[in-house]
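Pasting a structure here, questions to come.
Order of writing sets the labels: A, B, C and D. Residues in every chain begin at 1.
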């Protein structure tokens, strides 16, 4: 019973992080119809920026105070992400308006390559640490319920909490703020949105910045867990099935999908993996999503697509 | 098949006296599989070999015979250039019947006269449109027994008697051949060289059109001579794109086709002619000046939105070509080696590609005729290395009267008489022709025939002209328009006007001088050309008559006039008719004011009396004259415009004749 | 400018529908192929063969395959590396497990296995479109990565899936010198390119393009999306599989799964985009481009005497690739091939503008 | 000119209802089409005309109702089968294959008639080559019929709208259909183009005896060329009969007065 619950909770927590990245996808897809393959690269880029700034700032400003350093670094990194969002809109999306999805997807592939290259050129390509002081030592839950209780990694727990908080925030932002509604309007119909005077360009900058923010947070969390390195950009690949599962256009979908995948891959790794030689979680997530697609092409919460003739 | 050109002595060229059908059979037996006709149809060039063609023709002939077509009957051909219409033409000739090709754009009403006059028995037409037209006039043409259509689209449900498809006719032909084996071939053999073989209607300026009757001999003999002289042969390619009813088409892509056995290529449709020309790349080509004009215009227009670099290249090399191209074509030894090399480079960069774009890469020989051609226009094609030459002729002479010889090509002459053709000029200036190619008669119109041909067989062309020093013929005008100055010197207003109109700045010109001591003329500036010219000199102007009155414009025009004078003086006959005074009219000559015909020919007489004040003023030597004229506006209202027009003098060149 | 088309009239549909209807193009193509077969072997150095020509040929083949799927049928695929891997490993297994298995046959069968695999993963494309499909193909990629790493049987129980092939014997001809290898690949490329061209200009090709351009209209005129898409997946992954086998057998000789990882997939996709979607010619342009660029970038600084460490060079390469992709998608979505054909048109119309 | 004689009912639509997620596009539509006739479906924009065709084509599946063709009855159609049965159509907002030239677009309409397998095509000798040529000729006949010879090798995307409409028609004709569904073939055309299109439609109907179902929202054009007219409005059938009958039908008049046609 214990191990199962542990895996379950572990899965839920990783799932939360997946949701976080997935959210990045969904945000951008909703607002600009772009399937942003670069989300992963953004995570890496943000994390790199954060990590390196945190290293450099003491040298620049002769600061000691850890929180302060992290805070400044965070703000700087955020600034970088906003600048990035602006550039992306200026140089890429703005010029690809009304192109079909696949072309845009490929464009984001290009962006991915560029950012991977650029990030590593500017910030270097070693492994860097991020330490924002998340509690490390493990803790036990429910030891009174049954003996041994359940081992929970506090770091993951707090990460998951942050993620959950962020997700909640964004969902609210989408539902209740004017900008949020504008974003949705844009997503539904570009022309219409423009015609009622919603400035496409600015909306996209905003949404990419938000996505950048999400990426930064995700980057920090993953980074402080695994260390900031190139493989971070693969996180996106893990988050893809989540989006598919949840439906490209649905915030709740991203959340639920994330949890499902998170739990699913952990459990599968434990209970199926051994029979298949292990290491299956990466494709298992996809297989899951794929099977699901065949039943429901538009995903859990996605809207149905009707071709008009 | 091309024998060495016969010497230019005026001896009748000898040759087997075959009729057209006999020529066809000859080719069919000699080169059965060679291509006779290619037609761009269903996307590819469908080829008809000579043997296939002769089979088709014989079967068609049988079919026509089955439909009662007799020796001496007339058969109308109406439609675009289509292989089976050509075949029908030969088929009719097989039976000794006389094909009468007609313009496909003629309206039914115009057709009635011809149908009645020629007592058409059978009409072979291209498609539904033509069929409908003929059906429309059928009741007026009792002799019309059958209407046969080539393209069946939309016609399946036509139930009228005597209307049938060409395919049906072919079946009838097969049946007829069974019933009377060899009959058609026999009638081909019976066909005589001097039998009538075709009739072309010329729209006379006055009264009804006249049917010009030609025999095999008259169409074949001169055409054969020219073919030999110009070394046409079985391997030549011709694009058959001009109306069948026009004599030229029948010479270039019928008579000479059957004589030389080359291939004629028929465009897919009117709006693909350019594309098809590009594909075929004819080696022997005819185009009237208006067509060449249109081509040049498209070239200039398309070059205008080319990149600056290209435009520079183009201008540079066209200038070079203008200098040396034509001369090199004439084999002028003066052209320097350096320039030749430059020209070669130009050929790689511009001329070659241009010829290719125009579909003229393979042209060995090209003719133009019909109207006076602008020297620049003419020079353009020759400078590209295209051997474009002029010729002179008419329906009545089966085209060939004069042809320019290689190396002796001018824009304003039409060359020397074709061997076998005699040309004489009577002192009225009119050109008389005696030739094996002359019409036999005007159909059912002996008196008209007598008017144009005298007892010795001289045919009056109605054109005025003379031989220049080289012995090349120059056409100056219709004879009836040619007058004399007070001193008896030749005065050819239209000739002068044409020369003036070749300048882009001059839209219309009217020359006066009949019985006067000097020549004066009205000028109509070309508003657009002069306007641009003025803008380039940032010369402000307010509308047409303001521009027309500008001193600068007067200078511009004066310059043109003086160039014309310089040109005129070069030949003694016209030296005296140089323009000494001119004025620029304050309004455009306009058909609505009856100053021009609907076809934009100046009505000299009318203008003379309408503007008599101005004419008198010019001859009276005044420097300016006030004039009031009535004009019609677009909305039909009429009003008066008045102006005081300046009359300018133009420098006359000292006449060489007098100097001598 | 170089074209002289007067007199090149077509009197039969066969002549009108040939691959190069314009004589000048025909001559040019013949010249190129002749040069590749006869001239290149004499002049190229061993390095050029190993580093440039052989990779170029094999990747062109792979790009060609991918182009059929993405460019002609409009079905995006991010799993190309996986399909190559399937081709390579199955060919390997056939070769080592069945003795007397001819190499060429093994390679072709490798293609067949890739084909089966491809069709399998193509099935989702019947239900799902565009972006979703992209993810589906990614699944294929990751599955392969995993399978050839973890399932020992597939790699003949070699450690971490790294395998190496014995010498390559083709009908008694031992393909080992660079020239041999080059010619061996060249043969494959020529044959497959020709067949691919025939397919795309035949009615199968039209069905693919119909599905790509307007699937509803295609269905209405009786084209079965199932058949069209799956046939595209089949042909595409067959060619890709063969390319994979060649990549392993001829170019690498010994390899591990990483040789066919997702980066390979992306590279191929880039080749197709840069080279030209929906163009056979483009596949070659793209391959040439992607093969040459890194080498240039590595050497360029040295040529200018600026030493530059390889890491930086590779990062730069990444950036430039990325930038180029975006640039092409914006400026010329049909890639180098379109530029090429525009240039050709200009030459044909010279001196007139396009 | 004698018109072809109108035959038996060939296509019949019974009580078709179609809705998208609650939005009713068609409610209980029934009408029949007789062989060789020109049958018009008219109605204001958004009256559900195109949806009707999409049901017949099997693009949409109606929730209720059935369609029968030559006696066979289906409760939903499969595009492939529909095509095989000889029902072709054109599209309102051009659905040409933009990546192909005119020939290939029309050629693709003959895919059902092309039998060579993929291997033969890859080698492209003998059968495959011959097949291509045979069908190319058929396509050329259509090009000739529609008078678009001058553009046969132009990519369709570069053609002016009016010509694209012709190519669309050409692609449908290439299927040698028994029934031809035309979805607003004259929409957005100038008068001259409309006249041409009318001529082509009549010629098709006359030359090949093809039955034609014609959608238009603009009454004028259709009335003079069609034999019988169905009028839809907001997904309901409000009129059916000869042009004259329909013209005088009060419901129809009001429907049209309501709209800007």
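Following the convention adopted for this analysis, a residue touches a chain if its C-beta (ideal position, glycine included) is under 8 Å from a C-beta of that chain, and two chains touch if they have at least 3 such contacts.
Just so we're clear, the structure is a prediction, and the values are computed from it rather than from any experiment.
When chain centres are defined as mean Cα coordinates, B lies farthest from subunit C.
When C-beta pairs in contact are tallied for every pair of chains, the largest tally goes to A-C.
Chain geometry summary: the mean Cα position of subunit A and that of subunit D are 48 Å apart. Per-chain CA centroids place subunit A at a distance of 79 Å from subunit B. Look at where the CA atoms of subunit A average out and do the same for subunit C: the two points lie 33 Å apart.
Looking at subunit B, residues 43 sit in touch with two or more other chains.
Multi-chain contact residues of subunit C (touching two or more other chains) are listed as 12-13, 16, 216-217.
For subunit A, the set of residues touching two or more other chains reads 307, 309. If you check the complex, the residues on subunit C that touch subunit B are 1, 3-13, 15-16, 349-353.
Note for the complex: subunit D touches subunit C at residues 57-59, 79-80, 82-84, 88-89, 91, 95-100, 104, 107-112, 114, 116, 118, 121-124, 128-129, 131-133, 135-137, 171-172, 175.
Those residues of subunit B that touch subunit D in the shared complex are 41-43, 153-154, 156-159, 268-269, 271-272, 275. The part of subunit B that touches subunit C in the complex is made up of residues 38, 40, 43-47, 237, 265, 278-281, 302-303, 305-307, 310, 313-314, 348-350, 352-357, 359-362. Residues 12-14, 16-17, 195-196, 198-199, 202-204, 206-207, 209-210, 212-214, 216-224, 231, 235, 278 of subunit C are the ones that touch subunit D when the two sit in their complex.
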